[in-house]
Every structure is written in structure tokens, then in C-alpha cells.
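Shared chain: chain A. Partners: chain B in the first complex, chain C in the second.
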Partner chain A sequence: MRGTTALSKTERQERLKGYLLAAPAVVLLFIFTVYPLCYLIYRSLFGGNLITKDPKFVGLENYTSLLESKDFHQVLSNTLIYTAVTVVLTMVLAVVIAAWLNSKKNRRLNELVQTCIFTPHIISMVSVSTLFLWLMDSKNGLLNILLNALGFESFPFLASPDTALFSVALVTIWKGLGYYVLLIMAALQNIPTSVYEAAEMDDTPALKTFFKITLPMISPTILFTSVVATIASFKVFDSISVMTGGGPLNSTNTLVYYIYEYAFRYGKPGQACAAGVILLVFVCVITYVQFQVSKTRVHYQ
Partner chain B sequence: MSSISLRNVKKSYGNEVVIENLNLEIRDGSFTVLVGPSGCGKSTTLRMITGLETLSGGDIFIDDTRVNDVPPGKRDISMVFQNYALYPTMSVRENIEFGLTNKKIPKEERQRRISDVCEIVGLTEYLDRKPANLSGGQRQRVALARAMVKQPKVFMMDEPLSNLDAKLRTQMRVELINMHKRMGTTFVYVTHDQVEAMSMADDIVLMNQGKIVQQSGPKELYHNPNCIYTAQFVGSPQTNILDGQLPEKMKLGFRPEKVRLHPVEAGINIPASIQTKEMLGSEIIYSLQTPYGVVMCKSEEDMEDAVKVTMGVEFSSMYLFGADTVRLPFDDKARAAVSAVFGGPSK
Partner chain C sequence: MKERNKTLDAGLRGLDCVGKLLLILIMAFPFFWMISTAFKTLAETLAFPPTMLPESLQWVNFTDVFKTISVGVYLRNSIIVCVFVVILQYFIIVPAAYSLSKYEFRAKPAFFALVMLGQMIPMQITFLPVYFMFSKMGMMDTYSALILPFISNPFGIFLLRQYFMQVPGEVIEAARLDNASDIKIMFKIMMPMAKSALITLGLLSFISNWNNYFWPLIMTSQEARRTLPIGIALLKDADNLQRWNLIMAGNLLLVLPMLGLYIVASKKIRNAFVYSGIK
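And then the complex of A and B:
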């Protein structure tokens, strides 16, 4: 009898220890993720401004006014275009560059390129944005000076509604590329050389080796990185805040920046929260779709 | 079907010379096994024949065609890798078919060849599985099927059985011998395992430190070693060498199974005591303490432990080696010298 109680006591202590160790993370997760998420949904059903003491319950009014607003439609399409452009270009470039860097030729040069390409990742987005704000200046920016020197006409970059969103996307790609290249290179290095040797013995052309062997074998990493990149693009804020402030003509206004403006500029937390819920739904749906696609396309070992 | 010949082949990585000057002829249709300890250059030699490794010097000919600059896929060679190197994202069928589509073989022909090969190696019911869902033995079969289906001139295997358990290995050994008989293709097989080499090869190339020590059939290699290295590499326990007694630093060698636990007539007889006894079933391995050191003996005779015996070895089963470890002829002069040192035949 004594033996079993002693055992269950140590067992209980062992369990308690487990809960105690997990507690800090769980508590923080609740305070900073779960609670705000619930509050976001709750607050989106109320009107009032930031200092209203008892905001009025308005039901889905915030949602209907958002969905009727032309500006919001543009914000949604801006966000989708921005995400599509950054994710697709980042993934394609990252895979191509990683495959190139992973080849065994020019090891010195590859290391240099790898360092150069990764460095932007460790610089803060605000610094990068400020830098590109100067570089992309339509009159005195270094990029246009270079273009002019090469005999091309000046490019408007951030000054025109037609090119501003792409210019911002370009900065994001430039900054994020190194990180994704690194992840994909790690995946490439996990492919055993003997598989490539087998392909060589099978007389496989280089392109076919890439599409039939390399790409399927790194597909789990490509899925992971594209999900991460998609969510990051949906959340873009600092570069827009620094470089364009959503302009010109609302052309670079994206969801998170819109939420920020409604909450803290226009003092309409109800609408901001409703937009936040819509963002949440978007991210959920897109991630779900990515995972569904992956079921047939991604190969796990 | 084709012969392979390596002429003055060199291989070095930077300053490190792995193979200095290798000359090797592999007969058309033979089952040639390159065997030796790890790092002896046997895998490098195989990889140079396949083209996966470049040569630092010399030439390789397949059927009198110089192939130094022919890429691996165009040499008409198939290879089975140690870790199988299957394409993990493809099904068994796709794995086997991959090389054929690259060679632009028409679909009906591909289907026919795949079903033929799968029949032979017994994979028919696994064609739609991925390699991850196969056992080690089945993966091995996929690797074999992938190599066979191309109907190559030469079949290369780099330690293909080393990832299998002992039982499966013995079984696959028999299957490989049968496969070779049926296909009649030249097989080049690399292993560090002398048992594998002896059991499968009709030609063994024993290598050490980038050089060929001896090339001959398994029987010849076993009964007629040209140096101490060969004598000790094949056979278990290894050949006894008595060193330090004979004049001119000559050494006397004889295999454990040739040691008798009783006096012999045409040979030497040495007093010995049994130190240890290992029961193997059909035979027993004894270690004998003699005035000239420890001698291993493999015998069917069941003796008591710690017993004093007279150990006998016949002249006909002795090997004489010179100071440079190279085999010497065992002539009357040698016989007299051996008798003088170790005591002659019993009366």
C-alpha cells in the first residue's frame, strides 16, 4: 500500500512539474494571443471610438460598412496582389538562387553571394524602408540616377499609383530573400548525393533532374516557406508606413495598415477590429488551401 | 556483354594519391569482385569505371572504346548503390521506368521490360508503393530492377548487400549468382567482405592501399596466395604465420584447417597445449600455445580444454614467404630448412 501511494505521489509531482514548466508559455499565449483574438471578435461588434466609455452594440454594422466601402475593396485587392507578387517571386528566386548556390562550383563566390543575400534579413525593416525611400526617390534617387546613366528614362517607383505597390513588394523581396534561400539550401543539402549519381547513371538531363528529383524532394520546405511568406505578406505594415503611408491614392494601402489607420488615426476601433477579423479569415482560408494542395503535391519522407 | 580494361589509371584528391598506377582487365561476362579493406581504393576504382569519378591519369576502355570522356549515363553501365539511392518521391514503377524514359524507349517496350524485370525480382505487387513503404530487402530489389531494366553492358555494384541483415544477405548472394548466370552480363562488384567475394566471384581482385595485390579465381586465391597479405585476407581464422625462426627472415604460413592435433609423417610436429576452444558446430577452433607463439587450428576433432598435444602440419600445406612477405617456392631446400628449425617428421 505504502509503495503504491509513494509511487503515485512522485508521479503527481512529476506531472505538476510538467505543468509548471509549460505554464509561463501557456499564460503568455493566453494573454497575448488567445485573449486579444477573442476580444478582437467581440469588439468588432461595437461602435464608438477609442475613448468611448460604453461603446454601443451595433451587430454586424462594422462589417457591412467595410464591405460596402470602395476603399476597403481596393485595400483587399492591394493586399492580395502584394501577397501574390511577393510570395511567387520570392519562392521562385529563392529556389533558383539556392539551387545555384548549392552547386559545388565556385565555392568562394557562392559563400560571398550567400552572405550578401542574407545580410538584409538582419537589418530592421524600418531601416531598409528608409534606405529604399531614398534610393527610389523619383528625382534624386540613386536608382534613377543609375537608370539615367545607362540611358533609360526615370522610373516613378513610389511616386505613381501604378508602380508604388510593386516597388514596396520589391523591397520586401530583397529583404526576405536571403532567409528563404537559407531554408531552401538546408533542404537541398539534405538530398543524398547518391540520388543525383543515380540520376546521372540514368542519363537524366539537368532540367529533368531539377524538376523530377530536386523539386519534389524539397517540396515540404517549399510549402512551409510559402505559408510563412504568405502570412508575412498579409501582415505587411512597417514598410508601407515608412515608405508610402498607404498612398499615392490608396494604391499601397494594405489590410494591416488600414486597420492601424482606422484604430489609431480615425479612432474607429470597431471597424478596425472588423477588418482584423476579415484578415484572420483570409489567412486561415489561404493556409487551408495551401495545405490541401500540399496533400497531393508535397512529398514527405 | 563487354570487357573492361584500366590502363595506368591514377587517382588523387589534391596531394593525396589514392591510386598510383592501376592496371586491370575485367573479362567479358565475368563476375569480378573488387575486395579489400576500407580505403584501399576499390570503390574509387568502381566509380571511375562508371564515370562518377574522373581520372587523374590513365585510360579506361569498355569494349576497346576509350570512355574517359564519356558521361556516366552514356557508358551503358548500370549501378546498384550501397544505400540503393532510389528516388524517394517516385513509386517503384517510376523508379524503374525513369532511366528508360530518359533513353526515349517507347511505352509498350517499357511496360514489357518492367513487368519482365519485376517478375524476376518479385516486385510485381509493390509497383505502386513508394520506397519509404518498403523493407530493406525490397528496396534492394528495386535497386536491382532499376539496374537490370536498362539491359546494360556492365553491371556495377558497390557493397549492395551491406545494409541487409545476415539472413537476407545470404539469400541475396544466391540470387545475384543466379542473376549473373541468367543475364551473362559482366558484373563488377565491390565489397570488403571476403566471404561475399569468395562465394560469388569467378574472378577476385584483391586490393590494398590503391594497388592490386592479387587477381585470380577464388580457389586459386585461397590455395595459392602470392603473399602474406592475400594468405591472411581470405579464410577465417586467418592463416598462421610463424616468424623469426627461419633463416633469412623467411616466414612460414599454414591455414588453421591444415593444422592436425596429432603427429604427421611428411611435415613438422610441434608440442602444444590447447588454450581456448570455440565450438562452431561443425568445427571447433582451438588456439594452441606453442614454443613459437600462438597457432590457430580449425578441426573436427573434439579435444579437452587445456590438454597437451602434438601439433602437426604437412609440408604440402605450407606456404613459405620471403622477408618482403612475397611467396617463395617450397622446394627441397626450404623443406630441409623448415625441418631443421621446427623438428622433422615423427618416426
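And then the complex of A and C:
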């Protein structure tokens, strides 16, 4: 009898210790994740501005005014176009370059390429953005000087609403490419060599081996990294803030930048929070996809 | 026939080499151009055709940057934030990961779900409520506002937990029999076992906090608490003349520490990112 109570006492102590050790992290995660999420949804139902003490309850009005606003439609389409361009180009380039660097030709050079291609990933987006502002400068920018020297016409880059969003995407791709190459190379190196032996014996052409063996083997990684890239694109803010400020003519205004401007420039936190909830829905959908993807990933292994 | 194959091979090899050199050029040249511009005179940046290298090194550009923006203050703030985040996070995430890996309690699945939620929700979603909270509490423009949201690093908890789970239970039992406290077990047994993960986490959070622009932009409005990325963005806006040589000189101050770190530990840093990407 005494034995069991003693045991349950240490057990209880044990449990208490588990809680105590986790407590600081739990408290911080509550303050900075759970509470803000709840408050975001709650605040999206109220009007008022940044300094109103008791904002008025307006129900879903913030949402309806967002969905009716032409500006917001453009912001949504900007965000989706930017995401599609960035993710597709990044993934295609990353797979091609990773497969290329994984080949046995010029091995020493491969190491150097890998080092160089990854460098922009650890540099601040502010630096990269200002650097490309200079390179894309319409008067003295090196990119246009180079295009002219090669016999092409000047490209307007960030100056025209038709090309600005694409130019911002280009900078993101340049900065992030190395990271995705690195992840896909890691997947390539995990493919057992035995898989290729049969193909080698049959003298299968390299291109066919790539499409029939390599690509299916790394497709789980490609899907997974695409999800990572998609969420990163939804969050885009720094490059927009530094390079274009959403312009020209709203052509590069994306979701997070819109939220920021609505809260701090136009002083409409209710509407900004409603837009935040829409971003939350986007991220949840993508994460759900990621969850499904990781299920299929288990399948492959 | 064999002869022809050899020349074809050599040709392919050459083509492969040219392609890779071109790729290196595309990735490295912008950095070279940044450095080169930073040392030019204003007239040289506007010259046509552009010169590859500055005629003489204009160190004065850097002193001009210090005159235009308060680099000293920004630099100090950046360093304070990075150092505190990197150190303080260990005090939060090590016990949390230890608890998740070695203790049994009823709320454990809920705690684990909380960590996953924290990992999933980006700060671009939560920043407005956190801003309201901090401004109500009078915590705007404080170091706490820049540091606290980053020290309960959910990815760190997740990664360390995986490492800690590999430590056999017998080792911990034996230490307990020797009357070792939990704190001692964490420091003497768990942390040495997860050394590489701890270094990885430190590196990753140093890099991301040094480069962070979004969070300090929202949480600070006074010079005294702004960090270097904000300073560089301000330098760009403050300069109506678009003195690109000056802007690039300022930019170099933000880039060089990371570039230096990367040159010293490029393999280590890349491995850290592979870790974080694959999980």
C-alpha cells in the first residue's frame, strides 16, 4: 500500500516536472501565436481606427467591403500571379540545375557553383532589393546597359505596371534558387545507385532515365519544396516594401503589403485584420496540401 | 568511331564548363557590382559606358554613410537583438524539447500541437494583434518587442526533440540514480548529444534575425531602437539624389558580416539549411 502511494507521488512529481519544463515555451507560444490568431479573427469584426478605444461591432462588413473593392481584387490576383510565377520558375530551374550539378562532369566546378548559387539566400532581402533597384535602374542600371549592348531594347523593369511584378518575382527567384537547388540535390543524392543500374545495363538514354527514374524518385521532395516556396511567396513583403511600395499603379501590391498599408497608412485595422484572416485561410489550405503530400511521401519510401 | 566519341565528349565537357561559369557569373556578379559601386565616385556611377572597377577607392563613401544615417545605433541594436535571441532561445527550447521527449503528461499531445501550430503560422499573419498588444502595454520601441517573439522558436523545439529522443532512457535513469538534477541532465547529457543541432539552430536564428526587416519595421518608430536593415532601407529613401555609390556602401555594411560568415563556414551553413528544409 505504502509502495503504491510512494510511486504515484513520484509519478505526480514526474508529471509536474514535465509541465514546468514546457511552461515557458507554452506561455510564449500562447502569447505570440494562439492569442494573436484569436484576436485577429475577433478584431476583423470591428470597425474603428488605430486609436479608437471602443471600436464598433460591424459583423462581416469588413469582409464584404474587401471583397467588393477593386483594389483588393487586384491585390489578390497580384499575389496569386506572383506566387505562380515564382514557384513554377524556381522549381523548374532548381530541378534542372540540381540534376546538372549532380552529374559527374567538372566536379570541382560543381562545388563552386553550389557555393555561389546559395550565397544570396543568407543575404538580407533589403540588401538584395536595393542592389537590384540599382541594377534595374532605368537610367544607369547595368541590366539595361547590358541589354542594349547585346542589341535588345531597354526593358522597363520596375518602372512599368506591366513588368514590375515580374521584375520583383525575378529578384525573389535569383535570391531563393540556391536554397531549392540544395534541397533537391540532397534528395538526388539519396537515390540509391542500384536504381540506375538496370537503366545503365539497358543503355537507356540519359534524358529518358531522368524522366522515368530520377524525377519520380524526387517528386515527393519537389512537391514538398513547392509548398514551402508557395507559403514563402504568400508572405512576400520586404522586396515590395523596398523596391516598389506596391506601385506603379498598385501593380505590385500584394496581400501582406496591403495589410500593412491598411493598418498603418490608412488606419483601418478592422479591414487589415479581415485581409489577415484571408491570408490565414490561404496558409491553412496550403498546409493541408502539405499534410497530404507528406502522406504520399511516406508511401514512396 | 571511338575517336569521334572522344571529341564529342570533350566538346560536351567544354559546353558544360561554359554553362557553369555563366551560372557562377549570374550569381556572383551582382555582388561584385555592389562592392565596385560602393567604392566609386558619384560621377563614375553615372558614367557611360560603366567602368568595371573604381578609378580609386572612395573610402569617403563609408564616412558619408555614417553622416547620413546613424549606423552606430542601428549596428548596436542589430547586434543586441541577434545575441539575445540566439542565447535566450536555448533557455526556452532546450527544456521544452526535453519535456516533450522524456516526460509523460496528459497535455503533451496538446503541447506538441501548439509547437506545430507555431511553426505553421507565419509572423506576417500575427503581426497586427501583436502590435496592438505591445502598443497597449507600452512596449513599442523596446528590445523586448524585438526579442521575445523569436525565443520560443518552434522549429528549434521540434528539431531538438528529435535529437533528445535518441538519447537512451537508461542513460537518464542512471544519472537520476546518481542524484543528478534535471538541469544537470539537460546540460551534461542532453545538450552535448545534440551539439550539432544546437549550433545549427544558433546559426539559423542569427542569420534570420540579422536580416530581419519586417518585424523591426512594425515594432519600432524611433531611431534609438531601429536595426540595420531598417537603416539601409531608410538610407535609400533619405537620398533623393540616388547616390548609388553611397547606398551600396551602406548596403555593404549589412551584407559583409553574412558574407564573411558564409566564407568561413559555407559548408556548415548550407548543411544547416538542408536540415531545416528537410526536417
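As a convention for this text, the second predicted complex is superposed on the first by the 285 of 301 C-alpha atoms of A that agree within 3 Å, B and C clash if a C-alpha of one lies under 4 Å from a C-alpha of the other, contacts with A are read in each partner's own complex, and residues count from 1 in each chain.
To be clear about the criterion, a contact is a pair of C-beta atoms (placed from the backbone, for glycine too) under 8 Å apart; a residue touches a chain by one contact, two chains touch by 3 or more.
Given the structure is predicted, the values throughout are model-derived calculations rather than measurements.
Colleague: Is this a clash or a fit when chain B and chain C both end up on chain A?
Modeller: fit
Colleague: For A:Leu80, using the defined touch cut-off, is the partner it touches chain B, chain C, both, or neither? Pick first, second, both or neither.
Modeller: Neither partner.
Colleague: With both structures superposed, pick whichever of chain B and chain C touches the larger number of chain A residues.
Modeller: Counted on chain A, the partner with more touching residues turns out to be C.
Colleague: Is A:Leu89 touching anything from chain B or chain C once the two structures are fitted on A? First, second, both or neither.
Modeller: It touches nothing on chain B or chain C.
Colleague: Once the structures are superposed on A, label A:Asn110 by its partner contacts, choosing first (chain B), second (chain C), both or neither.
Modeller: second
Colleague: In the superposition on the shared chain, how near does any CA atom of chain B get to one of chain C? Answer in angstrom.
Modeller: 8
Colleague: In the complex of these two chains, what residues of chain B are touching chain A?
Modeller: These residues of chain B touch chain A: 50-52, 71-74, 77-79, 81-83, 85-90, 98-99, 102-103, 132, 146, 150.
Colleague: Given the complex with chain B, which residues does chain A contribute to the contact?
Modeller: 192, 194-195, 197-205, 208, 212-213, 216-217, 219, 299, 301
Colleague: Taking the touch rule as given, give the residues of chain C at its contact with chain A in the complex, in rising order.
Modeller: Result: residues 12-13, 16-17, 19-21, 23-24, 26-28, 30-31, 33-34, 37, 45-46, 48-50, 91-93, 95-96, 98-100, 103-108, 111, 114-115, 117-118, 120-122, 124-126, 128-133, 148-149, 151-152, 154, 157, 182, 207, 210-211, 213-214, 217-218, 229, 232-233, 236, 242, 244, 247-248, 251, 254-255, 258-259, 261-262, 266, 269-270, 273-274, 277-278 of chain C touch chain A.
Colleague: Given the complex with chain C, which residues does chain A contribute to the contact?
Modeller: Those in contact with chain C are residues 14-15, 17-19, 21-22, 24-26, 28-37, 39-40, 43, 97, 100, 103, 105-106, 109-110, 112-127, 130-135, 137, 139-140, 142, 145, 174, 178-179, 182-183, 186, 225, 228, 231, 235, 237-238, 241-242, 256, 259-260, 263, 269, 272-273, 276, 279-280, 283, 287.
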